[in-house]
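Before we start, here is the structure in question, set down as structure tokens.
As written, the chains take the letters A, B, C, D, E and F, and residue 1 is the first residue of each chain.
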Amino acid sequence: MATVKLMTDAEAGTIPEVKAVFDDIRETRGSDFINNVWRALANDPEGLKRTWEQVKAVMAMPGALDPKTREMIYIAVSAANGCGYCVHSHTAAARAKGMTDQEHGELTQIIGLAAMTNHLVTSLQVPLDPEFEVT
Amino acid sequence: MATVKLMTDAEAGTIPEVKAVFDDIRETRGSDFINNVWRALANDPEGLKRTWEQVKAVMAMPGALDPKTREMIYIAVSAANGCGYCVHSHTAAARAKGMTDQEHGELTQIIGLAAMTNHLVTSLQVPLDPEFEVT
Amino acid sequence: MATVKLMTDAEAGTIPEVKAVFDDIRETRGSDFINNVWRALANDPEGLKRTWEQVKAVMAMPGALDPKTREMIYIAVSAANGCGYCVHSHTAAARAKGMTDQEHGELTQIIGLAAMTNHLVTSLQVPLDPEFEVT
Amino acid sequence: MATVKLMTDAEAGTIPEVKAVFDDIRETRGSDFINNVWRALANDPEGLKRTWEQVKAVMAMPGALDPKTREMIYIAVSAANGCGYCVHSHTAAARAKGMTDQEHGELTQIIGLAAMTNHLVTSLQVPLDPEFEVT
Amino acid sequence: MATVKLMTDAEAGTIPEVKAVFDDIRETRGSDFINNVWRALANDPEGLKRTWEQVKAVMAMPGALDPKTREMIYIAVSAANGCGYCVHSHTAAARAKGMTDQEHGELTQIIGLAAMTNHLVTSLQVPLDPEFEVT
Amino acid sequence: MATVKLMTDAEAGTIPEVKAVFDDIRETRGSDFINNVWRALANDPEGLKRTWEQVKAVMAMPGALDPKTREMIYIAVSAANGCGYCVHSHTAAARAKGMTDQEHGELTQIIGLAAMTNHLVTSLQVPLDPEFEVT
């Protein structure tokens, strides 16, 4: 179904840069499972490495937002961008990091509401209130 | 700039359904400020009422997510949908509800990262891993 | 503000293919006004001609949908695609073709509602009911 | 395929708030069929209720736009937002409310045309003509 | 799966305007294969003709951009618009016109990067530098 | 207009990590000009560094695509995502790297065409031809 082949572990084992990323994904996540997005990106080893490092840095960086909240924000962007794969994978990740059914329900409702008002505002071309300007 | 007139308080005072919503916005928020989206929507009093009730229910409903997190999810959807007005108004709201500069920086980075992987996945048409299916 | 120059009537007069399109826009619309999108497209005379012929064919083709309904559908797509210019120009066109304030209010509400359920469905990755399949 | 379970009628029968919405959908539509979006939303009974009431109010509100036109606008927004499920379900609804093959063909062409000019305008960053401003 | 029937060659043979377009697609491409988008559009013969003429003119017009580069730009837009069918068909076309695996990898990375900075800029509502204005 | 302050050179001079990025931007581009997106991102020095390194790697990586083509792909994604700032800045960059007016015209037409067929395909929910599958 992908526009590229999904790289197997056997193939990845023959390309050191890919193998190193797959190893790091497994170690970072504490799981042997490598999901398809990485197997697709592996066709471009440099792109794979850069993407993984970016994901690792942003999603695991020490900071103020907890891992569950980060995943919920990720779901929100993925839904708005229409990426079904991403909605699925990050909903699974959010649940693994503690998102409850109630939180998932609230998240979904906020996504729907925001989309509604986004479209209302764009339909009406509402001008920015000066009160919202950062001085 | 809007495709409709922005209703002033004087005009709103002559339409009971609009006045009731404006009053409720002021009471709910504890502020006299009515921002432009409501003044634009006021041209359709029923639409105004329905939209405000939806916003009030979803953003103020008792629940598991705190007000600041709700606003951050709202910003994420609004950015992905390209609604500049909404990004501005909900960034102001998130700050009013306690979002720090560091949290804002992290939020921004997650929005950017998610958009990147959303587009990578769509470009490669990555098929869903069966592991992500809800059984 | 555009990324290209907006062609004046004086310049258009020196490029026969552009002049022909501008003349046809004026004749078709029964108005001397040429809005900016055509002045921007005029930098590529063939693109200008092809775009205008497409607009003329689709928006003026004999058919089942009346001109006002066509403009309202145009507004809906433009709002969802976040094109402020297009929302403005087609709202003006819809009004010129008879759209009332009440119809505009209803249109806006449908756009907002559809966006909400679009995002709910994508957030939840709802599978297609077999009942909706065309056999 | 969904990120939540689709609620069966048996389960819905045990949750009064869900049962009430399912009953109202059936009565309003004069059909026993409950499509998947409602079965997915049912995991969050309050969200289900709020969404259904919004859909019912906007799509069935007394007004100037006929039911068929409302569904066609809904299709337009859903296509632009890339929601395949919504395109399918509202195309079925529009047909049930009288949309002919010719009207569907014209609708499709307007959606395609609008998207084309939306992207041309954004590519060229065309500035708004003062003539389109609402004074 | 489509919302319309996909027209077979047997049916197309009975509608002269459709047959003429199918013949031209086959001749232009030097292949007997007609992909599904044309079979879906064929339900509206005028829309089919107009769409094919537009595709033929833009993608085959004599010009400065080579066919491979045109297809890569097409992929980029299709990915950003979330059209999986289009990503697939134009990735196949780009490969047929010489796109290498390395070029595909670079294309994918640029698409992902652009999406990231697009969302960063929108999240931060960065104002345009006067240096970018066309004078 | 931004939701954050735009960092001046004076302020940047007091934050070593920001100063290092600004210095590298100036050296890499051979120009003293730092555009606003970097001044906005500078509020989050780590995010600034990561974003700049990603841009530098992808846009300047040794590869098969020339710098002008890379910028044109960037413009295509930015237009589809509705980022006006990005369209402006990358159109300027593409011109600086040799994009002619004719190439710009062709690029614009391809963006418009792709958007049109993207929306036609999504409106009709065209199923993927097995011929496009990567085996």
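Some points to look at:
What we mean here is this: contacts are C-beta pairs under 8 Å (C-beta built on N, C-alpha and C of every residue); 3 or more make two chains touch, one makes a residue touch a chain.
Here the structure is a predicted model, which is why all the values come from computation and not from measurement.
The set of chains touching chain E and also touching chain F is given as A, B, C, D. Common neighbours of chain D and chain E under the contact rule above are A, B, C, F.
Averaging C-alpha coordinates per chain places the centre of chain B 27 Å away from that of chain F. Separating the centre of chain B from that of chain E, both taken as means of CA atoms, is a distance of 34 Å. Chain C and chain E, compared by their mean Cα positions, are separated by 20 Å.
Shown for chain F are the residues in touch with two or more other chains, namely 1-4, 46, 50-51, 54, 58, 61, 77, 79-84, 87-88, 91, 102, 106-109, 111-120, 122-125, 133. Per the touch definition, chain B reaches chain F in the complex via residues 82, 87-88, 91, 101-102, 104-106, 108-109, 112, 119. Across the complex, chain E meets chain B through its residues 75, 79-80, 82, 84, 87-88, 107-108, 111-120, 122-125. Touching chain B in their complex are the following residues of chain A: 1-4, 6, 33, 35-37, 40-41, 51, 54-55, 58-59, 61, 63-65, 69-70, 72-74, 76-86, 88-92, 100, 102-103, 106-107, 109-111, 113-129, 131-133. Contacts from chain B toward chain C in the complex involve residues 3-4, 43-44, 46-47, 50-51, 77, 81-83.
Interface residues of chain C, counted against chain E in their complex, comprise 1-5, 46, 50, 54, 57-58, 61, 133-134.
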